[in-house]
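One structure coming up, written as structure tokens, with questions to follow.
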Amino acid sequence: MSAVDKTMTMREAIAAHVHDGDTVSLEGFTHLIPTAAGHEIIRQGRRDLTVIRMTADIVVDQMLAAGCVSKLVSSFVGNSSAGSLGELRRRVESARPAPLEFEEYSHYGMICRYIAGAQRLPFYPLRSYGGSDLPEVNSSLRKVTSPYPGPDGGTEQIYVVPPVNPDVTIVHAQRADRSGNTQIWGLTGVQAEAVYAARKAVVVVEEVVDGEVVRSDPNRTVVPAHAVNAVVECPRGAHPSFAQGYYDRDNAFYRSWSAISKDKERLTAWLAEWVHGTRDHAEYVAKLGEEFWDGLVVGEAMSLPVNYGRRL
Amino acid sequence: MSAVDKTMTMREAIAAHVHDGDTVSLEGFTHLIPTAAGHEIIRQGRRDLTVIRMTADIVVDQMLAAGCVSKLVSSFVGNSSAGSLGELRRRVESARPAPLEFEEYSHYGMICRYIAGAQRLPFYPLRSYGGSDLPEVNSSLRKVTSPYPGPDGGTEQIYVVPPVNPDVTIVHAQRADRSGNTQIWGLTGVQAEAVYAARKAVVVVEEVVDGEVVRSDPNRTVVPAHAVNAVVECPRGAHPSFAQGYYDRDNAFYRSWSAISKDKERLTAWLAEWVHGTRDHAEYVAKLGEEFWDGLVVGEAMSLPVNYGRRL
Amino acid sequence: MTAAAATSSELLSVVAARELAARRTVFAGIGLPTLAASLAHLTVAPELEIVYESGVCGAHPSHLPETIADAVLITGAEAVLPMPTLFGSVLQGGHIDVGFLGAAQIDKWGNLNSSVIGDWHHPKARLPGSGGANEVMANAREVFVVMRRHDPRSFTERLDFCTSPGPDRALADGIRPLGAGVTRVITELGILAREGVGEELRLAAVHPGVSADDVRAATGWELKTADDLTVVEPPTEAELALLREDVDPERVYLR
Amino acid sequence: MTAAAATSSELLSVVAARELAARRTVFAGIGLPTLAASLAHLTVAPELEIVYESGVCGAHPSHLPETIADAVLITGAEAVLPMPTLFGSVLQGGHIDVGFLGAAQIDKWGNLNSSVIGDWHHPKARLPGSGGANEVMANAREVFVVMRRHDPRSFTERLDFCTSPGPDRALADGIRPLGAGVTRVITELGILAREGVGEELRLAAVHPGVSADDVRAATGWELKTADDLTVVEPPTEAELALLREDVDPERVYLR
């Protein structure tokens, strides 16, 4: 029933919902990484952010290099399988130009933190971490004794993680209606839980569509409007990652990032040219050029429609 | 990659996977209730079953009346909003013709038991039950102290439920391929968790479809093949409940059940005629007649297709 | 032309709708709660969204639904969520402003019984049980109860069984609930209200022609009366017209 | 016509594929594990399903995937699951027979380090960390490790950091894992193996031309040798043909 129009520009959404010192979750597992939102955070010069992201990859390295981030919470710090993150390694290995507080989990530990945050639970149990050194460097990994007998009749212990409740979660999606009903297909990752865990949520989409499009397939809605505060239309905003059915992954850019980020000067120049040097993501897209985008075009593989039925 | 053909008849599936004394979960929340499977369990004369079902409704009352069930685990015992379950009330209120062991939860407690069972957790926390009398009559509802400080800095307690791992879970769905990749739209309930919690799973479907149909929309697959042991094609097998896009709910039958089940003789006659008196669900469907089914026909409301994309 | 006098169902629906003013999300069962929420959406709470425990958000039903899982709620809805998400992230997550609950018995603290009459182990009458009621009570910001019948057996000093406890009982058990528990009880006699922890239900309003004494006589505990007891404003012609012509033209629930 | 001699990648892929005989589900990363699983599917494990931590089950990729989340794995897949379901119900639920893991360091108990070289707080080299490795180790029935480089720095007496512990370490911490931990380590020198709790990795097989002493010298702990040490059967022409013509014809990973 709600039909509040929550659309705004990326500039407006970041200005309204990301503040210095905030805890900001950016999710999207390989697919639909909210890069354009990260770039706008850089443009607006946010400082002292705690960034939460399962796979801290290129967009995190860029935000680190731009000086936005004082703390990182993550379960994988690397450039996919394509190499290293130069800035992250400098920050962690030699505190250059500043130390980075780092809270380390495993993937499922992060997922469970989001679930606990979304479900307002004080902790979430998982069968990870037994015997690992991770609890030694992360005091948030704790044990609980089950109140039920274990398989051998004795007591059973299990590790738990605490909830995470970001000030804001930003995700990228294929489409949403103006009130924020958000549809994702292909890999849906942990986006729904990351949104529900947050105090506020910004959804960036390839296209804003009519409510009728969303409502023709309500099972496709991964995040309902009541959990969304802002909807930003930003085509190609997930580059260099991909949007299933919209454009493919820019693997060449992933491969190039190790060399760019290894050299601080080159990295600074890259940011100056591609982020600070563009007014917004539309300019970044235009600067890459149509020929470039032609290389990432995907063909058609349409889902077969299903019948939701209509009372006669 | 797996392409094992798991299709079989309902008779074969129940004979192979439901045994006297088993714990059997039948799920489907108002939508897609596996009634035909319940009827075949009655026909095959199973005894001493523990039945797990969130909303114990008509099919459970029928299985109780047929003498199949010695224990019920549930969070709602009633005929939707259409009245009472006569046999269940006789069993619980006056142990006629035999007492019924009853383990009572709330809806979310049951959901969490399935999640814990699916995720192989020793317990699952939830913010229910504080101050309720339910823990007094169900010793499985226990408390755990969080290892993290509560909102006021002190310790925080929370109730937990134990996992449930049925011997077999039976669900009804719109369609599956021959290897068991199962697609549901409309209400998806807790079917995926109930299947993953079980040692074995039987999926009953309106139609078995080609793998290509399933694979045109992999996000629609609620239960993947690796979790399924048997696929049974049984059109209209969810009657008197409904299958979104296939046929509507038989509200008249729901309304009639209070009177049928209130009178033990009438209930016995109903079972004799409609369950024992039909060889299988196809006969039950035929006996209802085409005119009857015409009354439950639904019109078309097709989902708009989405593009999954194809690498060029 | 004067509208026909309001029926009991219409009265309860209109009064409940008014109490939803400015609310955003309501967890409603089928029947009077749906009518109330639909009317509120057309009047005092234009942004109101009904969330159904079956998993439906933002329904646009073509017909008045007969169950909380009616096929007409699904087709054309904005979102249909799996039940773990609905109960975990939406309800327990704290997204529900008002939950509607019914019950066989209620006590002065707004604790509810929907499980049994008599002893649980040997009940005189076995009722449906919690369903999601225990969760709605624990997690909705507030709970509205609509009970047609107002008599001392239903409004009781002592519940036969507490299915869905209010925050006072929860706190005594060492559990801190999210919401205020039952804040409004709407009956054929009037409205009982409480604001939150530590407060009893008090008589806040009576319907025209009903006295405070009538309500006290129909209540099984010593019912206190609010300082500013009011008389319920009867349904307006506009409210009745919307209810009769737009919300339930076939009078499925407006019996 | 004789096939060209097997490259190191081909050798490792073929040997790993053979070890997958009769397995049903494998959790594989991109690269050699995918090649091994794809070859096994065509040879010794026709029912094998590759599950990817991104959420893909039953992929039918049109092209060899470049990441575990490549768009070509999604289109035409049998199921794409949300990550909580994949990690919770599929992996932790116990549905994975074999998980493939890599690591910077491994010790004799099959414990793995993929986090740091040096001290965690001031690392000489910061590595990617666990990702899902900790979960794969805890929940897969067994774990295969493919490590090209076999030298004493990687096969070490003492890990700089234990990211993904085998069952012996887990049990010492009071946690009972589901699986056996690392059961096979496949390297350019041969195969190390252990069966489960309480057992060290032993040298089980050497590649042709490699001696047990060579492997011991390349291993940072005192490596024991299995009683029935064998020599690895070289890749057959049939295996190489499938790998080269069907699995990775463009030699994306068969470098």
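The letters A, B, C and D name the chains in turn, as written, and every chain counts its residues from 1.
Operating definition for what follows: a residue touches a chain if its C-beta (ideal position, glycine included) is under 8 Å from a C-beta of that chain, and two chains touch if they have at least 3 such contacts.
Only a predicted model underlies this, so the values are computations on that prediction, with no experimental measurement involved.
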item: Contact distance in steps, from subunit C to subunit D; value: 2
item: Whole-Å gap separating subunit A and subunit D, where each centre is the average of the chain's CA atoms; value: 28
item: Geometric centre distance via CA averages, subunit B-subunit A, whole Å; value: 36
item: Distance from subunit D to subunit B - Cα centre to Cα centre, in angstrom; value: 39
item: For subunit B, residues contacting two or more additional chains; value: 115, 120-121, 126-127, 143, 150, 156, 158, 186, 188, 192-193, 216, 219, 244, 248, 298, 301, 308-311
item: Multi-chain contact sites of subunit C, meaning residues that touch two or more partners; value: 56, 71, 74-76, 80, 88, 92, 139, 178
item: Chain pairs that touch, as defined at the top of this document; value: A-B, A-C, A-D, B-C, B-D
item: Residue ranges of subunit B touching subunit D (in the complex, touch as defined); value: 1-2, 4, 115, 118-121, 177, 179, 181, 192-193, 196, 211, 214-216, 218-219, 221, 224-227, 308-311
item: Complex contacts: residues of subunit C adjacent to subunit A; value: 24-25, 41, 47-51, 56-60, 62-63, 71-72, 74-81, 85, 88-90, 92-95, 139, 178
item: Subunit D - residues contacting subunit A, complex; value: 29-31, 53-56, 66-71, 74-76, 80, 82-84, 87-88, 91-92, 111, 115, 120-135, 138-139, 161-166, 168-178
item: Subunit D-touching residues of subunit A, taken from the complex the two chains share; value: 29-31, 55, 74-78, 80-81, 88-89, 92-93, 104-109, 111, 115, 126-134, 137, 143, 150-151, 156-159, 186-190, 192-193, 242, 244, 248-249, 251, 298, 301
item: Subunit A contact footprint on subunit B (complex, rising order); value: 120-127, 140, 142-148, 150, 156, 158, 160, 162, 174, 183, 185-186, 188, 213, 216-217, 219-220, 244-246, 248, 297-312
